[in-house]
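Chain lettering (A, B, C and D) follows the sequence in which the chains are written, and residue indices restart at 1 in each chain.
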Amino acid sequence: MSGSTFGRQFRVTTWGESHGKALGAVIDGCPAGIPLTEEDIQKYLNRRRPGQSKVTTARNESDQCEILSGVFEGKTTGTPISVMVRNSDQHSKDYNDISRAFRPGHADYTFFEKYGFRDYRGGGRSSGRETIGRVIGGAVAAKILSELGIVVSAYTKSIGEVEAEKYSIEECAENMFFMPDNEAAKAAEKYVHEAISAKDSVGGVIECIIDGMPVGVGEPVFDKLDALLAKAMLSIGAVKGFEIGEGFHAAKLRGSENNDMFRISDDRSVIKTTNHSGGVLGGMSDGSQIVFRAAVKPTPSISQIQQTVLEDGNEVDITIHGRHDPIIVPRAVVVVESMAMITVADLLLQNVTSQMGHIKKIYDK
Amino acid sequence: MSGSTFGRQFRVTTWGESHGKALGAVIDGCPAGIPLTEEDIQKYLNRRRPGQSKVTTARNESDQCEILSGVFEGKTTGTPISVMVRNSDQHSKDYNDISRAFRPGHADYTFFEKYGFRDYRGGGRSSGRETIGRVIGGAVAAKILSELGIVVSAYTKSIGEVEAEKYSIEECAENMFFMPDNEAAKAAEKYVHEAISAKDSVGGVIECIIDGMPVGVGEPVFDKLDALLAKAMLSIGAVKGFEIGEGFHAAKLRGSENNDMFRISDDRSVIKTTNHSGGVLGGMSDGSQIVFRAAVKPTPSISQIQQTVLEDGNEVDITIHGRHDPIIVPRAVVVVESMAMITVADLLLQNVTSQMGHIKKIYDK
Amino acid sequence: MSGSTFGRQFRVTTWGESHGKALGAVIDGCPAGIPLTEEDIQKYLNRRRPGQSKVTTARNESDQCEILSGVFEGKTTGTPISVMVRNSDQHSKDYNDISRAFRPGHADYTFFEKYGFRDYRGGGRSSGRETIGRVIGGAVAAKILSELGIVVSAYTKSIGEVEAEKYSIEECAENMFFMPDNEAAKAAEKYVHEAISAKDSVGGVIECIIDGMPVGVGEPVFDKLDALLAKAMLSIGAVKGFEIGEGFHAAKLRGSENNDMFRISDDRSVIKTTNHSGGVLGGMSDGSQIVFRAAVKPTPSISQIQQTVLEDGNEVDITIHGRHDPIIVPRAVVVVESMAMITVADLLLQNVTSQMGHIKKIYDK
Amino acid sequence: MSGSTFGRQFRVTTWGESHGKALGAVIDGCPAGIPLTEEDIQKYLNRRRPGQSKVTTARNESDQCEILSGVFEGKTTGTPISVMVRNSDQHSKDYNDISRAFRPGHADYTFFEKYGFRDYRGGGRSSGRETIGRVIGGAVAAKILSELGIVVSAYTKSIGEVEAEKYSIEECAENMFFMPDNEAAKAAEKYVHEAISAKDSVGGVIECIIDGMPVGVGEPVFDKLDALLAKAMLSIGAVKGFEIGEGFHAAKLRGSENNDMFRISDDRSVIKTTNHSGGVLGGMSDGSQIVFRAAVKPTPSISQIQQTVLEDGNEVDITIHGRHDPIIVPRAVVVVESMAMITVADLLLQNVTSQMGHIKKIYDK
């Protein structure tokens, strides 16, 4: 069936494979009148581009985007925004020797079984390059959020056993891991290099915060803000867990510890004195900062010998060559941020019609 | 907007509030020809019914279901199945004194802000009674899964700090917590009663396993099996986290530890020698057991004094009376199971058209 | 699959069969704060109720509706509105002798082939009683439209060869055909009674006008206002054609005859000097009155002898007894009106997010 | 909101404007394993290409398509198929002098009001070039239908007052109007040239037949086959009416004339002795040929002087230059056919899960 569209009102449809001609996204339902340029999108694509540091793949892609429709005189027109990135550095040959093997930890086997055959070049649609479409969608969503004063920021919370101890947005930009703690980043670098030496890979946790959300965004009972953020995160290839606010830790707390009290602030607005909920109550934003985390597994492509089977049903031992990230966490940060922005933009649009009074405000002359 | 429908092909729409006349669900897209009776559904509803033990609310509801449409001569007809449960034991008065207060940890404030006013009786739509519709949907999904030999089982993995040390499906039925470990259940009982004495509440973790899944179920890239399970879980009121397979622990493993090797079994099928992935690769079932967990926060309704504000913006201290579970985990087990069954049933139907060969098999004469 | 939901933002899900326990609808996505009572809905249901005149079925149903959820203190809460009508006067026996025959012009054969078996009592889900859910949805939509000053009115344009020559809204209420022309209605009565004498049935055309629409409602390119009205109309059992504005006649006009000129009105707004377009340009409302027509086929249940086949593949001659309308046009008028109201309400909500400026108007403090 | 996607399971999302960089479509949900080449698509695009005869626009576009994703080793992979056509012959200057005027019969005014501003170049998204994406989607759908032995054929039924008197599929290819009657085509040519001389334009009716449909395709009650065909047709820019089988004529027939009798054929299958229904009963295919018609209005762009208003609210008289078809019917034939194929392909996929027995056939080993 068709699973390449995310969102109901702000809809992002992605397409493209690792070694196809191009990848891209069509964004439908974006309101008209928002300034949008290729630079706005390129800025985000550059953050996921490979080849930026020693811990990312050597594949060299400029990933230049081209806006093909939906923008006129620098502004969105309300019609579908189609954005494309051409593939250029495709080393299909790298995959030939293992092209008929199911790589452990990858989607080769499941793709083959589901569809009856598969594009074995670089994982095809299950490649990390598929996230280009997500980042395009996220960059467009960012423009909507910007108009409403909402800021979404993701960063690396931990690499393997190494966790950031502080939160400094400046330091995020200063180390190759996008960690808000340069000291932790240094320890992480050592940790990753040990894994590289052992022909191995590592995982980590990405945290994301959303500031400036109005209260009440999210659609009970199934399209709750946290439910859709969870879907958005788990839809990213390597993500294996999601939690919001206290998350799994909440299961060990008592109600009196986990509840956030309400008070009235000096400017007469309702505030919470703590934020154990992570900014969501009943599936709707509660006016506090939204805080969630996604767990990223270690890259499955490792150059150690691994046991597996071939499409024809024979067993084989393989070693994966090619250009792979020993850790995808740093490059996944912008993907987490993008999916969060798409989710929030969609729900912000959906929420507009929650009250009859809102609708009258638009139509009344 | 409209967020009360789950699923694309097997669609469950729930309706009803805590203190309204009734609650129910409409299931659309259920294949024709499946035997279905009210008993099939009642069996599941009874598992979430209140008043079953000392650790659940004293609200006394028989929660008898009535099938109103979609079944003829004992079988589903392919048309919408409408099922209703009447509310009977509604103590609206219990809520009057705090009716204008925003209860900490509840959705009162967010509902009020989103919709401009709210049904203050027992949480209205955000009440735990909303899950009746989910359990109805799950019971119908169970009939589809049963035809395909798929079994979904949820149970309590931990209560607060007390974790089950073994997995015995028999013992699940022998203790009030649905824990697969009677020893742990005893410890949990002590743990919960301490909280009750302190006018407090506790949370826990529910684990769910799915056996018998064919390979390749789940729709890349956004409607992945794990992505939709995550959405399904986080859409349940008190759930704050989701993980599959190694989950958050995967972030600390190396690739060589987390990858599952493929081998050929004695009956010539592809198997994995381990199951760190939790039964999902690339968002599709990989033929192994699916294993995921949901973190449940402690019940927000506690009878300690709490600080909060009123709808009119004044601060107040409240004590919540009424009939509340000091822990909702045991009653949420069947809700987790139901949402998992709905998710899996929907994706099983979606997957049928993945190959042209499948479609020809149906239409060829 | 699941085809019982209409609309994307204002979503109406209908359920129920002719001879089941009940029929109803769940309306999800209705904005909060709209006054709604059972009387509001009953008023519309009464217009489609059988037994109102000599030209409708003798089946005696009071069709009393019950609101089960979604309304609190007389206003919509933003949560799903569930409304039910119990069946009472079910003469299942009437169908026994032809229960295994495929009635000509009915959906018996196609239902049987699609689902493998069928509810043969009164057409099951394909009965005219299915429209109860549509009228419920329409009555709720009417409340939204009323808040925005939009009025939808359907009436009988023609019965067989007899066409209304004038448009008087008062006369609509004065004759049993809801024709805006009492003279024509008299001729129609004669026409219908001739058919009844011949054990036959007749069809007709229903016209619908929508006044007060704001400009720009409708979502290019597939969810255009006229495209969704067409879908809405053809989804009604007996409707075989749809046209808007000049409709089929436009195919015979020249561009200079069919184009509507724009001018500026005295109050400085843009107006069209004619309305050949029927109020829609490019799939969006153009500010003029929306005018469309639906062609209704003659009732297929006639008491003449007809040739057909049985489920077991044998040929048979049947005579249909039971209680059938010799013409369903008069009772279909409110169904056409209801589907139009649902369509327009949905698109009005969808349109709110067309401009970033609208969204800011809601969220800006 | 987002209205650029058609279909639920076989989903076609189109994008692009008349004078943007490119136009295209993303097809999601296409089953894997279907042979597909650019030639398969180009063949259909060539049928809608401008410049093919004296009665079409002189705009010279080669409309070469490029498949960007979703096909590997000549077969569909089950992942999204992205296809693009670059614009080349863009005479934006042609529009400058009337760029601020609302052209009569066009969507200029409604686009401007809905979105707050508009792409005035050649109609932007409301241009006939938007149909390129539809034809791409139709060409892919054609491959699915071909695997199932289903054939969809559209042709011109009438041009203005000139109607085809016979049906010869060969003659369709022999005249510039795609009329199945060369004599009528000659009369139509004369008719059109008279209009051209008068600086005017003409409309017509397109008929479409579908052969080989299995019984039971279409999803009651809202996603009926005829309801979705009606939506598909009315979503095409210039279409103002839709009818199936007897259509509007049915409103004048008696039940005994309009009903189709069932009989058993020599090969023991159920057949209808007539086909007044147009191949649809209860919204599902009934095994007969599906026959429907779409009414196309005369091209609104005419070179006569027309009255209109400017964006700034001033009245003006305009003459439309540029390159316009005096009749769009011949080029719309392939668009009608494409939309029909998309609709039917989508419903064929949806129908697969109607019976539990079908699903077991796929999953049972």
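Everything that follows uses one rule, which is that contacts are C-beta pairs under 8 Å (C-beta built on N, C-alpha and C of every residue); 3 or more make two chains touch, one makes a residue touch a chain.
If you're wondering where the values come from, they're calculated on a predicted model, not measured in any experiment.
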item	value
Same-residue or different-residue interface between subunit B and subunit C, half as cut-off	same
Most distant chain from subunit A, judged by the mean position of its C-alpha atoms	C
Distance from the mean Cα position of subunit C to that of subunit B, given in whole angstrom	38
Chain centre separation (subunit B, subunit D; CA means) in Å	44
For subunit B, residues contacting two or more additional chains	1-5, 8-9, 14, 29, 32-33, 78-79, 114-116, 125, 220, 349-350, 353-355, 357
Subunit D-touching residues of subunit C, taken from the complex the two chains share	1-6, 8-9, 14, 102, 104-107, 109-111, 113-116, 125-126, 130, 158, 160-161, 195, 198, 200-205, 215-224, 226-235, 237, 240-248, 250-264, 268, 270, 273, 277-278, 281-287, 295-302, 304, 306-309, 313-315, 350-351, 353-355, 357
Subunit D to subunit B touching residues, read off their complex	8-9, 29, 31-34, 76, 78-79, 144, 147-148, 214, 220, 348-350, 352-363
Residues of subunit D defined as touching subunit A within the complex	1-5, 7-11, 13-17, 20-24, 26, 28-29, 32-33, 66-70, 72-73, 75, 77-82, 84, 114-119, 121, 124-125, 349
